[in-house]
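The first chain written gets the first letter, and so on, giving A, B, C and D; residue counts start at 1 in each chain.
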Amino acid sequence: MAGSKYAYVRNFELPDPLLPGTFLVCRLDGHSFHRFSDEHGFSKPNDERALRVMDAAAQSVMEEYKDILLSFGESDEFSFLLRKSTQLYNRRHAKILTTLTSYFTSCYVFHWPKHFPDTPLRYPPSFDGRIVQYPSAREVRDYFAWRQVDTHINNLYNTTFWALVQQGGQSTTQAHATLKGTFSKQKHEILFSRFGINYNALPEQFKKGSVLVREIVQGKRDKKDSSRDTMAISLVHCDIIGDAFWDARPHLLVE
Amino acid sequence: MAGSKYAYVRNFELPDPLLPGTFLVCRLDGHSFHRFSDEHGFSKPNDERALRVMDAAAQSVMEEYKDILLSFGESDEFSFLLRKSTQLYNRRHAKILTTLTSYFTSCYVFHWPKHFPDTPLRYPPSFDGRIVQYPSAREVRDYFAWRQVDTHINNLYNTTFWALVQQGGQSTTQAHATLKGTFSKQKHEILFSRFGINYNALPEQFKKGSVLVREIVQGKRDKKDSSRDTMAISLVHCDIIGDAFWDARPHLLVE
Amino acid sequence: MAGSKYAYVRNFELPDPLLPGTFLVCRLDGHSFHRFSDEHGFSKPNDERALRVMDAAAQSVMEEYKDILLSFGESDEFSFLLRKSTQLYNRRHAKILTTLTSYFTSCYVFHWPKHFPDTPLRYPPSFDGRIVQYPSAREVRDYFAWRQVDTHINNLYNTTFWALVQQGGQSTTQAHATLKGTFSKQKHEILFSRFGINYNALPEQFKKGSVLVREIVQGKRDKKDSSRDTMAISLVHCDIIGDAFWDARPHLLVE
Amino acid sequence: MAGSKYAYVRNFELPDPLLPGTFLVCRLDGHSFHRFSDEHGFSKPNDERALRVMDAAAQSVMEEYKDILLSFGESDEFSFLLRKSTQLYNRRHAKILTTLTSYFTSCYVFHWPKHFPDTPLRYPPSFDGRIVQYPSAREVRDYFAWRQVDTHINNLYNTTFWALVQQGGQSTTQAHATLKGTFSKQKHEILFSRFGINYNALPEQFKKGSVLVREIVQGKRDKKDSSRDTMAISLVHCDIIGDAFWDARPHLLVE
């Protein structure tokens, strides 16, 4: 073949298998979303439309890739858990990583108009991604706990910060100064005493992030493979730090 | 901090630097574009609109990432050459790979309506990506030669194949059988004798693929850094196998 | 410093951490030991002196590297298990791998004269090594089972093979032909009926390989750290496929 | 086969090819040689016997591995250059790295008694190793320059330091203090004015390290392959920073 004298360049493509027997977590992060949220007029501290686009993109990814059992999103990031035994693309690192990142990005842009009917995209958003291998269920649970604790901390901060700015008339510099060194309890108090906001009564979506979980539909068999349960993806905004969520869904960490 | 007991999970994120002093080539490939092209009614053997969306996405990527000096596209794939000395994202593998893949994908979906005004996207397309490290200029040249030879082979095949089907009334199975084992010369003859098509007269875009190259604009200095030349991206459809292209642009492979 | 203009070459030394939370198994294999055993007159099928040098080298390695909890040797290979939580050399791959390989090799040559007092080394032997990461205890157990099954298969074959040659007067080619396609049971029969050898009565050392295990010495505290048990290395030739060995030593796989 | 139910553990052995088209440098370093040199009564600042054992081990390694074209040693370290096109062990990282490290170590222990006839080894020495990939000849030259500059700096320091201690009657603490912050010129002066030592007249072996180079033997063809030159390994103690050494041996960096 005419191309054969050049085909040796393929030898520089090195194999990159991920370690078998490990849970894979793929985390995507918005690239320069501070600017992106400004340019597209996102509400502060939380923009429901923006969160819904993220959730919709993640849902599409899970519908396409059955080995993703769970995903968790907050702000401009989303983490996907692939089952320990997944053989997706023979566990090739770059292949899995780029396919998930690309498809999520594509879905984000594709779903955008539905959730932002009056705000056309001004430029194309992008996401970076990484895959982390976790050897055991304990580490997977701690990973998701880590992200949800982060959600909580960020949301409490941002909620108080924007209350100070939007309702309290502080500049953003002043608001940062007001919050510097404060503990959770003090932020709760600022919200309540100054602005009459009961943080605990705010929507779970903001405080807990978005959990998309593949649930077993009891009593139904899979259409294609009757030895399997039917699975369905649920979107919930619940605690994933404690045991309850995981105890109710042992299939997430078994294999 | 409340999250600190979980923060250990970050230790599982391993460093992944690419080797310094190597040229980086990032190649993106459409995922299941056979189906995608069917569903969106792409003309065969080449759809100019589809090629223009690819070119537009690649152009946007090069505008955003200045260390990409050259890119080459054909069909549903595009390859990007990063300068040998690039320090983009400290040469972190996953970061570079996912950012380029994601941004290209995003641009593809973003630019789609301009090029397919009457064909809305039916579902989100995606791309996989890989990065290959090349130690020397020779290998970089051979890489791009390899891709352009591939373009030539595929286009000649597809052009003849679809002539047999669309004009010759053959089924796709028959057309494959007709072409089995034929050499280039025979395909040229089929095209010319049966269908009056002079392959050499077909558009260069189809035969050579798309070359996006960062050119030095003579006599102009960069606005931000007067020690540098102004650069501009050109889209051409020319030979990149021979020496002429490269001899005229020594800056592509120097560093 | 005078060297600083060249020091950039260190940037090509890339980090290579092993994944945290995984058991590490380092396996060493003799390089061209077929020739080495011939040149040094090893007895066939097993040479006790040669096995004792291997065991002695492995014992020295375990005395030096406390995070090795278990090792298993047969013929010219030895496998070492490092505890899951080991922080040896910050889990740097090449550092751990080369240090263990080098020290084992050094000990082998160093201990040689003690076990081969009448056979000086004719040339320097060498070993290659590799590290494999195992996410869970199950895989570690199966790894060692895999090696011990290999010991059994090889030893039964070699015992029968050399009986045919040494006592049966067959050439090596004939002996290979005699054994081709035979099952274990048939080899047992050949040994017993033709040569009066009861395979099961042969030394455990040959049939089971060498197990060096770090045992807890009950009732004694570590001299340096009184919160720890005193540990001691035992050499045994026992089954490590079944549960008994592991159930009696839960400390091997806990952490 | 009986072992097959366990053989899946081999799937955890991941491929580790080095990048084609790169020069490979393997550097070995003595492990805890400060203690080792004390325990074995090495002369200070340089022990010729100890250097000769290192050189002998490196020579043996080069005799065994023909793709090593050059090596450079100083003190307790040695660096080996493998030709860019080497296919040794299919360029598998761990295989090359451990085999060279192991064989060097073995040779060191094996050759020891010849060079230290009156000093038996008290315990087994060991070495760690690493492989670095260099894309171009420039970096290879700078690598070896970096090591030889290091030799020079260390040797000047050590020579002056031990003169202060051995002839000047200073304690080691005092000698360190005396040398703190001094430049080369000042160390030369201390040596000359206080101890009558002309540093430049000291043996090249100490100032330049050991260079083992595979030379082309002019006018002779290889016995096995008459299309090749006969090669021979030379031990020299010369400058490898400047151009002369390399210009005289273009075969080292060509391929």
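We take it that a contact is a pair of C-beta atoms (placed from the backbone, for glycine too) under 8 Å apart; a residue touches a chain by one contact, two chains touch by 3 or more.
Here's who's who by UniProt: A, B, C, D = tRNA(His) guanylyltransferase.
A quick note: this is a predicted structure, and the numbers were derived from the prediction, not measured.
Undergrad: Chain by chain, through touching neighbours only, how many steps does the shortest route from chain A to chain C take?
TA: Each step joins two touching chains, and the minimum needed here is 1.
Undergrad: Tell me, which chains sit next to both chain C and chain D?
TA: A, B
Undergrad: With respect to inter-chain C-beta contacts, which pair, B-C or A-B, contains the greater number?
TA: Looking at B-C and A-B side by side, A-B shows more C-beta contacts.
Undergrad: Just the number, please: Cα centre separation of chain B and chain C in whole Å.
TA: Distance between chain centres, rounded to whole Å: 51 Å.
Undergrad: Report the inter-chain centroid distance for chain B and chain D in whole angstrom, where each centroid is the mean of the CA atoms.
TA: Whole-Å distance between the two chain centres: 46.
Undergrad: Approximately how many whole Å separate the CA-defined centres of chain A and chain B?
TA: So the centre of chain A lies 30 Å away from the centre of chain B.
Undergrad: Can you tell me which residues of chain A touch two or more of the remaining chains?
TA: Within chain A, residues 12, 19, 21, 133-134, 139 contact more than one other chain.
Undergrad: Using the contact definition from the top, classify how the chains connect: line, ring, star, complete or other.
TA: Shape = complete; every chain linked to every other.
Undergrad: Under the touch definition given earlier, write down the residues of chain B that touch chain A in their complex.
TA: 1-3, 6-10, 12-13, 28, 31, 60, 94-95, 97-99, 101-103, 105-110, 121, 123-134, 139, 142-143, 145-146, 149-150, 152-153, 184
Undergrad: Which bits of chain C are touching chain B when the two form their complex?
TA: Where chain C meets chain B, its residues are 11-12, 14-15, 17, 19-21.
Undergrad: Please output the residues of chain A touching chain C within their complex, sorted ascending.
TA: 19, 21-22, 133-136, 139
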